[in-house]
Amino acid sequence: MKLNEPMIIVNFKTYLESSGKKAVELALKADKVSKETGVCIVVAPQLVDLAKVAEAVEIPVFAQHIDPIKPGSFTGHVLAEAVMAAGAVGTLINHSERQLKLSDIEAIIALTREKNLISCVCANNPSVSAAVAALKPDIVSIEPPELIGTGIAVSKAKPEIVTDTVNMVHHICPDITILCGAGISQIEDVSVALKLGSRGVLVASGIVKAKDPYNILHAFADATR
Amino acid sequence: MKLNEPMIIVNFKTYLESSGKKAVELALKADKVSKETGVCIVVAPQLVDLAKVAEAVEIPVFAQHIDPIKPGSFTGHVLAEAVMAAGAVGTLINHSERQLKLSDIEAIIALTREKNLISCVCANNPSVSAAVAALKPDIVSIEPPELIGTGIAVSKAKPEIVTDTVNMVHHICPDITILCGAGISQIEDVSVALKLGSRGVLVASGIVKAKDPYNILHAFADATR
Amino acid sequence: MKLNEPMIIVNFKTYLESSGKKAVELALKADKVSKETGVCIVVAPQLVDLAKVAEAVEIPVFAQHIDPIKPGSFTGHVLAEAVMAAGAVGTLINHSERQLKLSDIEAIIALTREKNLISCVCANNPSVSAAVAALKPDIVSIEPPELIGTGIAVSKAKPEIVTDTVNMVHHICPDITILCGAGISQIEDVSVALKLGSRGVLVASGIVKAKDPYNILHAFADATR
Amino acid sequence: MKLNEPMIIVNFKTYLESSGKKAVELALKADKVSKETGVCIVVAPQLVDLAKVAEAVEIPVFAQHIDPIKPGSFTGHVLAEAVMAAGAVGTLINHSERQLKLSDIEAIIALTREKNLISCVCANNPSVSAAVAALKPDIVSIEPPELIGTGIAVSKAKPEIVTDTVNMVHHICPDITILCGAGISQIEDVSVALKLGSRGVLVASGIVKAKDPYNILHAFADATR
């Protein structure tokens, strides 16, 4: 499976505003925006909400994390087969709030390739992005942790982090899709992100905690065109 | 909420035999056995299967793990509020396949108390059980990791582990329910477990991987009476 | 081995002021104060400084951490036999900056008992202290992490944390020595700590980063008498 | 600082045969072999033995691990400044027995560069080696964990792992030194390792647990010439 570009991934994190029934409602808004604008919008709800969200929408649904495991004795872990059965077509990997050992990142990417899941690996700086690129995931998302949740967009505050990532990742593997995240809250943040060479954004609080998520997401989608 | 004793908790782990639709089917069998026998049976499916399982059955459903977090920025983590919204009434904590820092165990137990979730904390030996008892969870389950998945029951192979746990836990906190697990696969394992002073069993492969889970679980339930 | 009470443990952490040659110099000051006052003072330098410090002083030297391992293939881990060969007579365990899984804490305490090393387990609140007490270490040190390094002493700011710990720990195991730490920087903090029922203090920046560590430590020692 | 090639790194792990006084004795044998053969031999003793070993020998001494920290409040962690003060000129990073998060590997390599320490990062397969190469450490050592301690050498049992690593690492960064390890116990294992394109070996039990470490190490050194 291959997603259209540019794309917007909405990370639901563990906000109450995007939990349970509200997860489904928010995902439906994203679904509507995607259909109205033709822009690829992915939603990444909590694991417990995955099945309900995937049933409700036609846009791609990602898990927020999977573990590098085969079916078996792994109480409390996240099995690729189970998230796929629930309707996920991809997964975030190594988000700055759920960082992983290097060998686990490699094993999870290999697992997603085997299972035909889309892999989106997060990286905290351009060097880490380059290391991730050598593992050939589908998507690398650069997110400086110091800007996450601040409302100060990486694309505006530290544009060189985006351009360095684009250069370093594409030097190692030219066909990886690069997203950027952290602090994306203004419409302009999205268009600047694309101008810097990324192919979309990974957003969370900027949408989830917005007064009107539908309107903001619609504006973000428009800004990618 | 308080569960009836004796009880059987079925841990679905991440087996394919208890994933997706099969999770619901297995949970329905447990539900049937519970209704037929009057014995309290709890199911603990994977997080992605939690909502579907909880919708399908009337018996108590547990999460396999929750994280010591409040709603917020915790990508890939497990929020108590979200598992409750999905229908869980309790959670396993510190399973030997998902071991936690001591301060996190304490924080999760405090969270379950605040949220009125039932806490079942796993311990690998009697000393660890005693330490857990000081944190006053609802249930302590003693599971020597070396016997998990072997088919050699703790209640038969190492009865002193069960009796030591009963003595040490009740010395510290008399009203904690004690379960035992690891290798429980024969009907006799269950009755012996109760004779040793435990109030039930935590089982996984013995039921999930059985040729006829309904029959075995029915026999286990009968053995507790 | 048994230490005299009251006692002061000086945690050198990874400050430059207590690294390398300065570790030995600081330890010698502690040694001098101990001899002049008769008060038991323990120093806990970094692992790389352990051998040099232990050679230079007669007071007890602790490791800051050991791992729950036997001799073998554990690259980068800390072997009890090796820290003992270097001259350590005890170890900190589960410091809030180096927190451990519950089963590892239990295994390390068992190891210290087998090796006749003194165990000092840190806990972040009274409940965790009680859990630790069930594992019967020699010393429990209560240190609320939110006060560490603040200069606001636990004994003054949150005296109930100390008294609750004393009550809960001694209810489970009466012969455990209880220390308190976090923010201890004034002479009065030490005397209050003892009045609340602790048998000494665990200090770090209050001594290591003091302008005149010898004088402060001397005053702390005097305050314990 | 730059080491001569080919090189042999002897990882002392936490074996009793390479702890305390025996660490110094073994390091002296390595020192002797290096002087007699002119071959670069590095020793990586436990942290507590680092200072004594570095005082006793003239060959390069590595730490087995350092943490991505600055001087400060990091009880039980390993400070670059402290291992340097003890005489280390480099460090192993991410050994399969001490695996790290990707962002920590990147931060430690950046720290070694800043401090002019030699970085030797271990990787468990060619893909992980390539990811590490993007971070530009001085040395990448490929060690399939399933062969560690077996006496079955990676260079003989899985030569393609070594050649794939050489190709993939040098494609990303041509001037990284590549070593291989795991199961190296025969003289031939060393010469084969070099023929496959590596520039030396990382050995542990093959030397440490040998009846006559001096003789084996001498033969290994001869085999690199």
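Should a chain be cited, it is by its letter among A, B, C and D, assigned in written order, with residues numbered from 1 in that chain.
Here, contacts are C-beta pairs under 8 Å (C-beta built on N, C-alpha and C of every residue); 3 or more make two chains touch, one makes a residue touch a chain.
Just so it is clear, the model here is predicted, and its values are computed rather than measured.
Enquirer: List every chain that touches both chain C and chain D.
Expert: Both chain C and chain D are touched by no common chain, going by the contact rule given at the top.
Enquirer: Since chain B and chain C are copies that touch, just let me know if over half of their interface numbering is common to both, same, or not, different.
Expert: Interface between chain B and chain C is built from largely the same residues.
Enquirer: For chain B versus chain D, what separation do you get between their C-alpha means, in angstrom?
Expert: 44
Enquirer: Using the average of all C-alpha atoms in each chain as its centre, how far is it in Å between chain A and chain D?
Expert: Distance between chain centres, rounded to whole Å: 37 Å.
Enquirer: Which parts of chain B, given as residue numbers and ranges, touch two or more other chains?
Expert: Within chain B, residues 96 contact more than one other chain.
Enquirer: Can you tell me, using the touch rule above, whether these chains form a line, ring, star, complete graph or other shape?
Expert: ring
Enquirer: Going by the contact rule at the top, pick out the chain A residues touching chain D in the complex.
Expert: 94, 96, 99-103, 105-106, 110, 123-125, 127-128, 130-135, 168, 172
Enquirer: What does chain C use to touch chain D in their complex?
Expert: 11, 13-16, 19-21, 44, 46-52, 64-65, 69, 71-79, 81-83, 85-86, 92, 95-98, 148-149, 204-205
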